[in-house]
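Below you'll find the structures, each written out as structure tokens.
Shared chain: subunit A. Partners: subunit B in the first complex, subunit C in the second.
So, the complex of A and B:
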């Protein structure tokens, strides 16, 4: 699904990614874990085609990230990237017109589950509601790869719970992969099939979540604390 | 096609307040001048009434940058750049938005001008009405309008190209934008001069321009070759295409 070899991404003042080798397989949820500034967002942006590698290469469904792969990848950035003057219905119509894999039948159900209505204005939504809307937009597509960048960042426990439940319920394990980046591991611990610990642009640990728990005798959350704190 | 209409709707709605401000200011200005009819000289009122037509040049410059700048200022560039649509569709719709809003604004300002100052305008052009009745202006207005429209659209395309270039640097973006805009205009003139001889076979067209001699309105026909305009269009289009390539292949969201 995704093949990354020797990926290097350099910003003017820092080396954000430093020789990443990674393979993402179908049917799994990957936890991309690391502290702030570890390169999680940069890696997801590279896969989404919003950043270009300085060295190395990325193949998404066998192709370099670009217009073709963007049609097959659902990307949810950490920041609020929706037009705030639109209503939920307007942004849904806007995004639906852009993606051929949009599931019109699914949207109403997802909105209802997230306690959102199409008439609401985006600029009147709370941070938690906007985060839930972003997730609805990402999950309402029939994509094989979903990239979620810090979907729980700065949210209240109720919104966090709803988001985790939705990721779990909407994940189509037979043909989809989800890469979820976060530095708040506790609530997402049980989602992961595979875990990648990213530190200063390099992969520090990468293995199956269950294997890591057995080998270290710790939960992923405790292992994260041990490695990074 | 659905993507085109959604993008166009989005652009038109996103910039509607910018048009509202322009038309609102223009209306208030015309209203102020209207209140001075009979107090100020008619020629002064007619001349001052034209100010919005000059101000619109600055407005075009501003809104041309604004259609791109807001995407970054409001972080919606993340959405726009992650869409699986051609860069031509995105940049083309932004260009179309500026063109549509400018034409609409010009029409509304012109309507406002002629509505408020109809009496003064008729008095001012009374001596020349018989010339206007000959209908000389019909063909020429179309030709002159077409030339102005080409340079107007070309200028917007160069501003958009300059903005895209400025997004490729991390610092001094405003300066880069201005520098690229000036440079691209120079490049256009130089390349257009190079290409022009190859297009000499293109037909010329005539424009009758009026002038006043001893109090009489006279007409003089000028023959204008179309090759400079076509070569200018080709070069501008080339830079716009380069901008599209940069948008799709080089613009990053760090």
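So, the complex of A and C:
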């Protein structure tokens, strides 16, 4: 569903992506792993159509990322974009109006699983609750590609557990793929079909998670530590 | 982590050693449950999705577990009804003896690697066995 060749993205002070070749197949959960500054967010933004590549090519469902592909891709940004003065219900209505694939019937269930209610005000939510709400918004859409940028970053263990559980329970392995970026591998270890280690804008390791465990005799978490620490 | 099979009995208790492929560990646990009799021929296994959620692993991993078990002849899938442990007394015997042999072989190999003689191993095994039988009454 995604084909990337020779992708380069340059910021004034750094080459954020320095020649990425990558194919994303349907029906898998991909772990996009690397330390801060390795290019994970930039890569996801390029796939989401929020950044233009400086060199190389990206095809999402056979097309250049843009208006058409955005309608088919759910993207959870790392930043906290929720308007503080709104209630959860207002945010939900606001977002629902933007997406034709919004599953109104699903939202209540997802909110309930995350211990959230529509009456709550955003500015009364903890960081963990806001992160959970962002995931609800990403998962309430019926998309074939889900991009999750650091969904666990800086959260308490209970929120992290809930987020991992929801990714698992909502993942549709027959027709969907998820790319999840994180620099904290431990709790997401069991989620991955495929693992991509990103290092200073290049792919260091890319393989099936089970194969890596078998070949290195290490968990993905330990392999990550060995490679990056 | 726990999985409770239909009827409420504990089937799998998995603390993943993540340095090994996860699908192999799950198959191993299912075989152990068979060997010790907490899972029996004819028992229905949970749906793939259900097991994935209970164990907190990717559904594709569970799909692989079920595929490999079927290839090994451990299970059979009845269309529209689910996956069952295959009928037949031989199956449990086979699984059990395979697992017992593996444990014994590993033990012997490690003892030999430590430079133990045959007599030493035999004596030690006998001593330890007597002791643990006494302890358990």
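Simple rule for what comes next: the second predicted complex is superposed on the first by the 229 of 229 C-alpha atoms of A that agree within 3 Å, B and C clash if a C-alpha of one lies under 4 Å from a C-alpha of the other, contacts with A are read in each partner's own complex, and residues count from 1 in each chain.
Rule of thumb we're sticking to: contacts are C-beta pairs under 8 Å (C-beta built on N, C-alpha and C of every residue); 3 or more make two chains touch, one makes a residue touch a chain.
Since the structure is predicted, the reported quantities are computational estimates derived from the model, not experimental observations.
Three-chain overlay on subunit A, with subunit B and subunit C fitting side by side and no clash. By the touch criterion defined above, A:125 reaches neither subunit B nor subunit C.
The three-chain arrangement built by superposing both structures on chain A places subunit B and subunit C 160° apart around the Cα centre of subunit A, to the nearest 10.
Applying the stated contact rule after C-alpha superposition, one finds that A:58 touches neither subunit B nor subunit C. Per the superposed model, the minimal spacing between any CA atom of subunit B and any CA atom of subunit C is 28 Å. Once the two complexes are overlaid on chain A, none of the subunit A residues touched by subunit B in the first is touched by subunit C in the second. Considering their complex, residues 16, 18-23, 52-53, 55-61, 63 of subunit C touch subunit A. Across the interface of their complex, subunit C is touched by residues 27-29, 164-165, 168-169, 171, 173, 189-193, 210-211, 213-214, 217-222 of subunit A. Of all residues in subunit B, those touching subunit A in their complex are 2-3, 5-6, 10, 13-14, 74-79, 81-86, 170, 248-250, 252-254. Interface of subunit A with subunit B (complex): residues 11-12, 42, 45, 48-52, 66-68, 70-71, 75, 77, 79-86, 93-95, 97-99.
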